[in-house]
Structures are given as structure tokens and as C-alpha cells.
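Shared between the two complexes below is chain A, which has chain B as its partner in the first and chain C in the second.
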Partner chain A sequence: MSSQTVAVIGGGPGGLRAAHAITEIGGQVVLIEQREFLGGTPIAENYAGLTPSGEPAEPQIRAMIEAVTAHPAADVRLSSQVTALAGEPGAFTLTVAGADGDQTIECGSIVIATGFGHFDPGRETQMYGYYEYPDVITLPDLEAMLKTHTVVRPSNGEPPERICFIQCVGSRDRHIGNEYCSKVCCGVASKEAIEIRQLLPGSKVYIFYIDMRMYGYWENEIYWPAQEKHRVQYVKGMITEVLAKGDRLLVRGEDTTMGRPMELLMDLVVLSVGMEPSAGTRQMAGVLGVAQNRFGFIDAVGGPLDTVSTSRKGIFACGAALGPADLEDTVSSAAAAAMKAFGCVRANATATAG
Partner chain B sequence: MPIGGRKVPPRAVEKETATVASSISGREVELPASWNRMFEPRVLTGTGPDGFDALAGMPGAESLEWCYGCGKCVPVCPVDLVGEYAPRKLHRKVQTGTDLTADSDLWLCTTCGNCLRVCPKEVDMIQIMPAVRESALTSGGTVPGELQDVFEKTFRYGNALGENPRRRAQWARSAGVPVRVLPSDPGPVDVLFYVEDYWSYHPRGQDAARAFARVATALGIDWAILGPEEKTLGDSQRLAGEKGLFDALVEDVTATLAKYEFARIVTPDPHGFNALKKEYPKRGHIFEALHYTQLLAPLVSQVNWAKELDLTVTFHDPCYLGRHNGEYDAPRTLINAIPGVRLVEMGRCRENGYCCGGGGGGMWLDGFTRDLTTERLSERRVREAAQTGAEMLVVCCPYEVSRFEDAAKSTGNGHLKVRDIIELIDEAMGLAADA
Partner chain C sequence: MTATDVQSQLAGAPAPADAHYKLPDVAGYPDVPFEEKARLFEEITNDLRFSDYLYGCYECGICVAVCPSARFYDFSPRRIAQAAAREDVELIYQQMQEDIWECSQCFSCLRCPRGNNPGGIITIMREVAVNNGLASAKEALAGYSRIIYKIMSTGTQVSPDMLQPDAFPDWGPETGDVSANLDLWRRALPPETMHTTTTGWAVADSTLIELYLIWLHTGALDMISDVDASLHAILTELMEERLEDEGIEI
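Here is the complex of A and B:
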């Protein structure tokens, strides 16, 4: 461990990709993860399939984990939390609290890969009854069910016949303070809708939206097949409230295409919750002293052509620690951050040798 | 209301009717006053995939479900300009529980194809409409009586007008030139001229047919007609939902054609032309088919013009010649070749031509659509034609002369004359009987 080492904080897809990238280009890396396992949110939150491909999440993430743990140049610290930073770029000292007490790690540069958390739909102005009705669930709740190939109404264990997704829950909302679009929910909801239609062919699946944001290939890879092949019903118009009616849920909203109110009975309501900075992201910003934007994500200060530099020299960030990001964004920015961080320690080595 | 210190209470006046003009479209809607005063929204409760389940069982109708609601079809839908329509709205109606086979909306589409031209998802009304209409016909859905009547006439007489098939070549007697009728004068011929119903029977169509006879003869074209053996090619009946009738007509027509030797089929009817280009080949019957403007356009340099007409005209693209089959230039080549004729285009022309309302069965539904639209499409089109300042609206589809002449009168544009291109050529060549 030395100033030639890059420290990566966070062992999810972004951190794993960054750590692996550093070993691939001949660097030394120490990967610090607060949980007792690697894999990040996809593993902790029981994701079934990756978006957009729908490939099972666990084997894919496991392969990423093994690429890091099997590499001799990678030092993985689980159940470890960074509590302090000292030193200068090129010679940082991290204090890490782990199972065996406090330790220090010397490193030349740092990559923050502490990711996001799912929006809590019980918060503030959300009135969809998430904590009131067992049959109102979130995207990750449904992911966990899809992982076991059993989609049921939590209230009675029966398979639902009518399922709807409500988009933009916790995103694009000034009241809540999350004015940004969470970017992935349109794709994830559509992917889950396809999976439900495959699992329960007799089901009717609806997606209520303000506008579908299926950028790039997600349009043709998810949205169009969901509609044309899997017969998911897309309805332009948001649900404003969910009311109990008998043992079902009455969703009420405005059909903006028709300019008319709509009321539909559902067996299962899925809230497409957005992304917020994870607790770890907020904590690390404080501990490491890097600037956050007003939403709490790490601020990328380099403008559109440098997406990974933070306000502090020698410290970089990637993935959803920077803001809403899908997996493709995350691994791309992770590799970019790894390259920057490695460049930092190399420049330092050259300077020292000279 | 305070007026100089005096309070004058507002006085409510209820008018019998009110005219409301949209600030966006400029469209005016007349409303009984009571509509303005109170209404309550009807709550949608039936949204779901069930309507599309039904459509999925009708081959060709599947793509309605693909609509993602962008609304690009709405401004180019001719029916939407005179009512509340367009594919996007149909999609939504079906999604919210409307059974299309029992809904009057099913019969408003003229299959003009302008929505498909702009649709990013390729929602294909040209396939959807005949498929759902066929289902309405066979499953006891609501079918307009006047359309049923045309189907019966076509079935019985081989033409949509219910005219005597033996009188199909009657027009030729007064053409002023001999017209060869194949059944009585068999033998090889270059051009089999497929006259179709409206040039055979409608008085204004017959004028055009006679003009064609004189022009073709003067140009030395070797041509003949089937006379009493000709039956309609039936494309509009097909698009109106009578696939069974169309298939039967294909059998009859091809059996007749098999008896004669000809190189090409030329027809004045873009609908029949469309059938020969697209539907007959699907059933294994392949002919070289031309619209009459395509036959004549390459020959314009050989024409001996006799006089200048001194006319400013505008031209209406037939949907089934233009948008459906890509021919925009042949008619214009002919118009521009006529001495003294100046062509001014309407705003909606060529690929974006506005439908006359006659396609897809609309020719026979004017009574039915009257209660569902603010005016006929032909009336809307005639207004546009009149706005160009042209003194004549020139056409090349047999449906259009009568449609537009009626519309010119009903919209107070009686000064706007309507002629088929062939009538102008005939006149400028000095062949016309009254020339």
C-alpha cells in the first residue's frame, strides 16, 4: 500500500468496474465496501434482471466481483467504512473503520463509487399509500419478486390480474426537491412489465406516464417490444391517488390524451421510484470534502467533457454517485474515473522518480 | 358591474346557439348554448387491452395497438379537419373500451394514407380499416345502409352504381370516333382500356371517357375496351370491408381478361389501378398496369395542339395515384403541356395532398358522414382550390369530377370549374365535339 495505490470506495457495479479497470492497466487498487458483500444495489436489493437486456443480474454481477477478487493487485476490504481523509493528492491517507478496528490506507488517488438509493415513496407529498396498502409496491419490490419468479399480491398471495406502474415517483418534483429525471425508471418499469406479461400471460399491465423517456436503444429494445409484442398498455396521464376499493385498489388520474378523468381498479400498483444519493454518497462527500450538487449527488465539476472529476484534486467519482445513471452509464464513467485516477498516481510516480 | 359609481348587476343572456372559434385551429364549432353552461366530464373506466385483443384476431388490424400517441397523424388526417378523428384518437378510443366494429368512426376513414406517411410506428390504417370493416360485416356489426346497398349492386351488376352491365359501353356511341369493343372484335391489342364504373356510367365520367377515346385515337394508340364484359376491379369495395366481394370480382375479372390478348391495362381510375398494382399480384395475377396519365405523359411531344386555352388551374392529386402509388409527375406533365394552361399548386399537394373523401368507400358514404362531420372533405378541398385563385380545378380520378362539382356549388364557389385532365387535352387538341 502506497501512494501508487488507487482507493475505490463502493463495491457496486461502478466500484467493481473501476477497480477491475485499474488492475487491467497494471495498477494497484484497494476496494473499500461498507457491506459485508460486494455487488452493490443490484445484489442488496435483489434485482432480477439487468436493464435493458433482462439478463439475470446475479451471475452478471458475480462475474464482475470475481474479476476483482481474483486479481492479485486488488485488495478488497468488506464491512469497512472510510471515516477520515488526510494528506494531499498523490499521498492521501484514508482512515477506515472495519471489523478489526481503525486502519489507515495510503493511496495516491480515490474513486468514489457509492451509488444511489431508491426514493422512499412514503416521503413528503407522495400519496400513493405505499405504507398503507400492501399491494402498493415499488420497482425494487417487484424486482425481488421477479427474482423468485413469483409475482403475487402481497395482501393475499394471489397472482394479480391487473397491474399498473406509476412513473416519476420521487422524480421531476419540486415539492420533493428532486427536480431531475431519474433516467432509468421508464426502462426498468417497461422491462418489469414485459417480465410480468411473460410470467402471467393472462395479466393486464398498464404504465401511466407523463412522457416515456426511453433514450437511445431503449426505445427499440424495451419500449417498442413492450407495447407491440408484450401488449403492455401505455397510458399518457398520471395517477394522482390510489384508493382502497373492496380488496382492490382504485387508481385515479387524468387521461391527458382524452382530457378526461380515469378511474381503474388494480390488483397491484407498482411505484416507479427514482434515484437519490445513497447514504454512503452523502457521507463520503462529507468525509472526503468534495462538493455536492443541491440534490446531494457528488458534483462533477469538469463540465460535459470531464464527467468524473470532483471539486478536490485526486478524487474522482463515477456512476450513480454523480446522479441518476443506468448500468451502461455507470460502467462507462467507472472506466473513465479509473483512467483519471490511475493517471494521477502515474504522474505522481514520474514526478517522484524525477 | 361598476359604471361610474352605479352598480349594474350582470344580465345573463342565453342565446339559442353559439359559434366558438378555436384560437389554434381556427375551426368554428356551433354549440347550443346549454352546452356552454354546464357539463361534467365522463370518467374513463374501461381502459385496457381488451379492444386490441379483438383486433389481434383480424389480420392486418394489429398495428393500431402500436400507436404511442405522438399525434403526428392528427394534423394530416383529412377527417380530423372536419371532425374529431385521426388514428391516434382511434387508438385511444379502442384502448378506453370502444368497439370499433360497432362504432360510426369505423366508416369515416377514407384510407387516404396521409397518416401512414407520417407515422413513426407504421400504424397502417390501409390495412386496419378493411380488416376491421370486414369483421363488422361478417360479425353483424353496424354497417351503413348506403354502403350495403353499393355492395349489393356491385355483387349483382358488377358496378357500384347498379347500372345495367349491358349498357357499360353506351358512352362510346357518341364518342365521335370508333371504339373497339373486344368481345365483338377480338384479336390482339396493345392497350386494354379498363374504363371502370364512373367513366362508364356517370354522365360527367362519360364526358371524360369520350374525350379519352378521341385523344387516344388521335395519338394512334392501339386500344380497345371490354364493353359489357367489364366489371369493376373493386378496390374501394375491398377497402370498405367487402373482401369476399373483392375476391369474387378478382376471379371474374381475371377470367375475362384471360380470354383476350393485350400488352397493357390502362385505367382512368386510381383505385382500380391500385388494385392491379398491389392486390391482383398478391393473388397471382400480374399485369402491366398504367394510369391513363402515365400512358399519355410520354406522348405529349407528339400531340398536335389546336388551340390555347388561357386558363389558370389547380390540380388535385388523387390519393391512390399519388400517395399510394407514387405518381405525382405524369398528371403535371400533361397539364403543363397544354397550351395556355397555368398550374398553381394548392398548399396541400403531392405527398401531402388532401383527400376528396371518395376513397375507401367514402364515395358511397356521403349521407352517413353528413351527421358526423362539419362538411364534406370535397367541400374543404374545393375551398382550398378556390383560394389559389384558379378558375378551374383539374383532376384525374373518376370519383372527383362529380364530387368537386357538387362541392363547388354547395360552398358558393360555382365559378370554379372542375374538369378531368383528359377533357382539357381533348379541347386543346380541337377534338371535342363541342369544340
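Here is the complex of A and C:
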């Protein structure tokens, strides 16, 4: 470990991709993860399938983990948290609190890959009754059910017949303060809707939305099949509240394109919760002294053509630590950050040798 | 709240399950049980063409933007596609009793970016409405009984003076005048217009026989059995007699 090493903080898809990329181009990397396992949110939150392909998430993420842990140039520290940063670009010293007490890590540059957290629907949007009704769940709650191939109503263990997704929960809302679009929820909800229709062919699945945002190939990879093949019902109009009615849930909103108010009974209501900076992202911004934007994500200061540089030289960020990102964005920006970080230590090595 | 809502509440009757649909007493057509509406919808979706006419709807409204009827009537091809996509059995029934007859079947709505064909859905809905003798179909076709009779019995077109003059008020007041003196109008035109008001052109016997067989075998004639029973009976008899004369057994 030396100034030739790149430190990657966070062992989710972004951190794993960045660490692997550095080993691929002949660098040394130390990967620091606060959990006792690698894989990040997809593993911690039991993701069933990747969006948009729907292929099982766990084997894919396991393969990423394997690629890093099996590489001799990668030093993985689990259950470890960065608590302090000293030095300067090219010669940083990180203090890391782990199971065996504090340790120091010498490194030339740093990649922050601390990701996001799911918006907690209980905090601001109590009206949807997430903490009140057992049959109101979130996208990750449903994802975990889909992983075991059993979608049931938590209240009675029965398979639901009528299911709806409410989009933009915790996103695009001035009251909540999250004015941004969380980017992935339209695709994830549609993917989950397809999976429910496959699992429960007799079910009726609705998605209530403000705009559907499945840009690029997600349009014909998820949106069209969801609508055309799996008969998922997309209704433009936000749900204002969820009420208990008998043992079912009444959702109220406007069917805007039909120009009429609507009240529909549901067995299961899924809140498409958006992304917020993870606790780790907020913490690392403080410890490493990099600027955050007003939403708490790490600020990318380089403009549209440099998506990974932070306010501090030698420190880069990737994936959802920078803001809402899907897995495709995440691995792309992770590779970009790895290249920048590696370039940093190489420039330093050349300067030292010269 | 509509007057009907108030009435039903005053009468202690339960409020309508869904206030968006017209109640039978204001709708202008008889209500039928939900199961019957569902059966009609199934007849629409089971049509071989249906899956090519409806993929998924963006609800973008481009079909309304290009629709000539939408400029003049309270009519929206988007709502037709939407109702079908949403499997909204109640609304589809309402549309079969009202909206579908506002369409001019010009198919401008094929502009749909998803490749939908709202006009085609309407074609199917009309056929189902006719086949099942819906009130709207009877009303819409009332002015056509002479046309149907003429086309099916002679195998050729009709001229305007064969129409019931009061059946097409949207054609304007001149229609009556023109029809009344059609022969004169036609003679006033320099080009040859086949000064006839009985048939457009002669139809060969063999062609007519073939047409009768087509009307009878394809079920085209039976389509009107519910909509206009007497016309159906007249045409059936006429065709069967003619075929019998030709020595053709049906």
C-alpha cells in the first residue's frame, strides 16, 4: 500500500466496478466497505432482477464480487469505516476504523462509491400509510418478495389480485425537498409489474404516474412489453391518498387523460420510492471534505463532460453517490472514476520518478 | 352532483357505483347487465384483427389531433383506444352506444406512433354492435335500409334520391333539393353521367349470383338480422328464390 494505491470507498456495484477496473489496468486497489459483506444495496436489499433485463441480480453481483476478491492486486477491507483523511493528492492517508481497531491506509487517490438510500415513505408522505397499512409496501420490499417468487399481501399471506404502483414517492416534490427525478423507479416499477403479471397471471396491475421516464432502450425493453405483452395498466395521474376499506385499500386520484376522478380498490399498494444520498455518502462527504449539492449527493464539479471529479483534487465519485443513477450509469461512471483515479497515481509516480 | 345522484339519494337508493358513467335513464339507450357488456367486449378482443389494431396506448392524443370527426363532434379516437387498452368494459359499452358512429372511418389515426389503429378498433366495435343488434346500430343504420336493400339485391350502387331524405341531416338542406330533381341535375351536367337513378351500372347475372352466395355464405346478410329483421327477411327470400331459379342449393 502506497501512494501508488487507489482507495475505493463502498463495495456496491459502483465500488466493485471501479476496483475491478483499476486491477484490470494494472493498478493496486484497496476496497473499503462498512458492511460485513460486498455487493451493496442489490445484495443488502435482496434485489430479485436487474433492470432492464430482469436477469437474476444476485449471481451477477456475486460475479462482480468474485472478480475483485480473486484479484491479487485488490485488498478488500470489510466492516471498515473511513473516519479521517490527511495528506494531499498523491499522498493521502485514510484512517479506517475496523474490527481490529484503527488502521491507516496510504493512497494516491480516492473513489467514493457510497451510493444511495431508498426514500423512507414514512417520513414525509405519511398519507400513503406505509407505516399504517401492512399492504402498503415499497419497491425494495416487493423486490425482496420477488426474489423468493412469492408475492403476497403482508396482511394475510394471500396473493394479491389488484396491485398498483404509485410513482415519484419522495421524488420531484418541492415539499419534500427532493426536486430531482430518481431516474430508475419508472423502469424498476415496470420491471416488477411484469414480474408480478408473470407470477400471478390473474392479477390486474396498475402504475399511476406523473410522466413515465424510460429513456433510450428501456422504452422498448420494459415499457412497451409491460403494456403490450403483460397488459400492465399505465394511468397518468397521482394518487393523493390510500385509505383502508374493508380488508382492501382504496386509492384516490385523477385519471387525467380520461378527465375523471378515480377511486380504485387494491390488495397491494407499492410505493415507488426514490433515491436519496445514503448515510455513507453524507458521512464520506464530511470526512473527505468534498462538496455536496443541496440534496446531499456528492457534487460533480466538472460539468457535463467530466462526471466524476469532486471539489477536491485526487478524489472522485461515481454511481449513485453523485445522484440518482441506474446500474448502467453506475458501472459507466465507476470505470470513468477508476481511470481518473489511476491517472492521478500514475502522474504522481511519473513526477516522483522524474 | 347530478340531478340523478340527488334523486337516488333522496329516494334512499344506493349511490351509483361509478359516477362517471351515464345512468340508463339519461343515457338514451337501455342498460344491460355487466356480464353482457363483458361478453360484447370479449367479442371485440377475440376478433382476429384486434391484436394488430391495439398494442399499447401512450395517451398522447395524436390520433385526436389528426381526426376530422374530433373537430366537429364530442369524439376522441384516443378514448376508444384507451378504453380498449384499459379493458374498461363499461366505457366500451357506452362508446358502442354512442361514440363509434361519429367516426368517418378515414383512418388518419393510423399516424399513431405505437402502430395502433383506433379506426380499426371502431370497425370491430361497429361490427359487434351490428351483429348484436345494439340500439345505436339500429339508429345509425336506420337511414341505410334502402341502400342496403339496393346494394345487396342489385349488386350496384345507389343514387342520392334513393335515400330517405330525413336520414342524413348532417348532409345539409340542399340534399333534399338535389334528390328531388336528381334526374334534371344530372342531365344538366355536360359529361355522360348515365342518366339513371335506378342503378349505377349493369351487373351481369353470374356476378349477381356470386354476390348472393357471398352475402349468404359469409354471414354478411345475417349481420343485419337483428338490426332490421324485415329487411333481412325480404333479402333472404329474394336471394334464396333467385338461387333456387338457378338450381343452386344453399
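Some points to look at:
Just so we're on the same page, the second predicted complex is superposed on the first by the 352 of 354 C-alpha atoms of A that agree within 3 Å, B and C clash if a C-alpha of one lies under 4 Å from a C-alpha of the other, contacts with A are read in each partner's own complex, and residues count from 1 in each chain.
What we mean here is this: a contact is a pair of C-beta atoms (placed from the backbone, for glycine too) under 8 Å apart; a residue touches a chain by one contact, two chains touch by 3 or more.
On a predicted model such as this, the values are computed, not experimentally measured, just so you know.
Superimposing the complexes on chain A yields a three-chain arrangement in which chain B and chain C clash. With both structures placed on the common chain, the touch criterion links A:Q198 to neither chain B nor chain C.
Legend: residue contacts after superposition of the two complexes on their common chain; A:Q103 is shown touching neither chain B nor chain C.
Once the two complexes are overlaid on the shared chain, A:R260 sits against chain B and chain C alike. Contacts of A:Q233 after superposition on the shared chain: both chain B and chain C are touched.
Two complexes overlaid on chain A leave one chain B stretch from 2-10, 20-28, 56-64 or 344-352 clashing with chain C, and it is 56-64.
On chain A, the surface patch touched by chain B in one complex and by chain C in the other comprises residues 224, 227-228, 231, 233-236, 257-258, 260.
Of all residues in chain A, those touching chain C in their complex are 224, 227-228, 231, 233-236, 257-258, 260. Interface residues of chain B, counted against chain A in their complex, comprise 41-45, 47-49, 52, 65-66, 68-69, 88, 92, 95-96, 121. If you check the complex, the residues on chain A that touch chain B are 204, 206, 212, 223-224, 227-228, 231, 233-236, 255, 257-258, 260-264. Chain contact summary for the complex, chain C toward chain A: residues 20, 55-57, 59, 78-79, 82, 85-87, 114.
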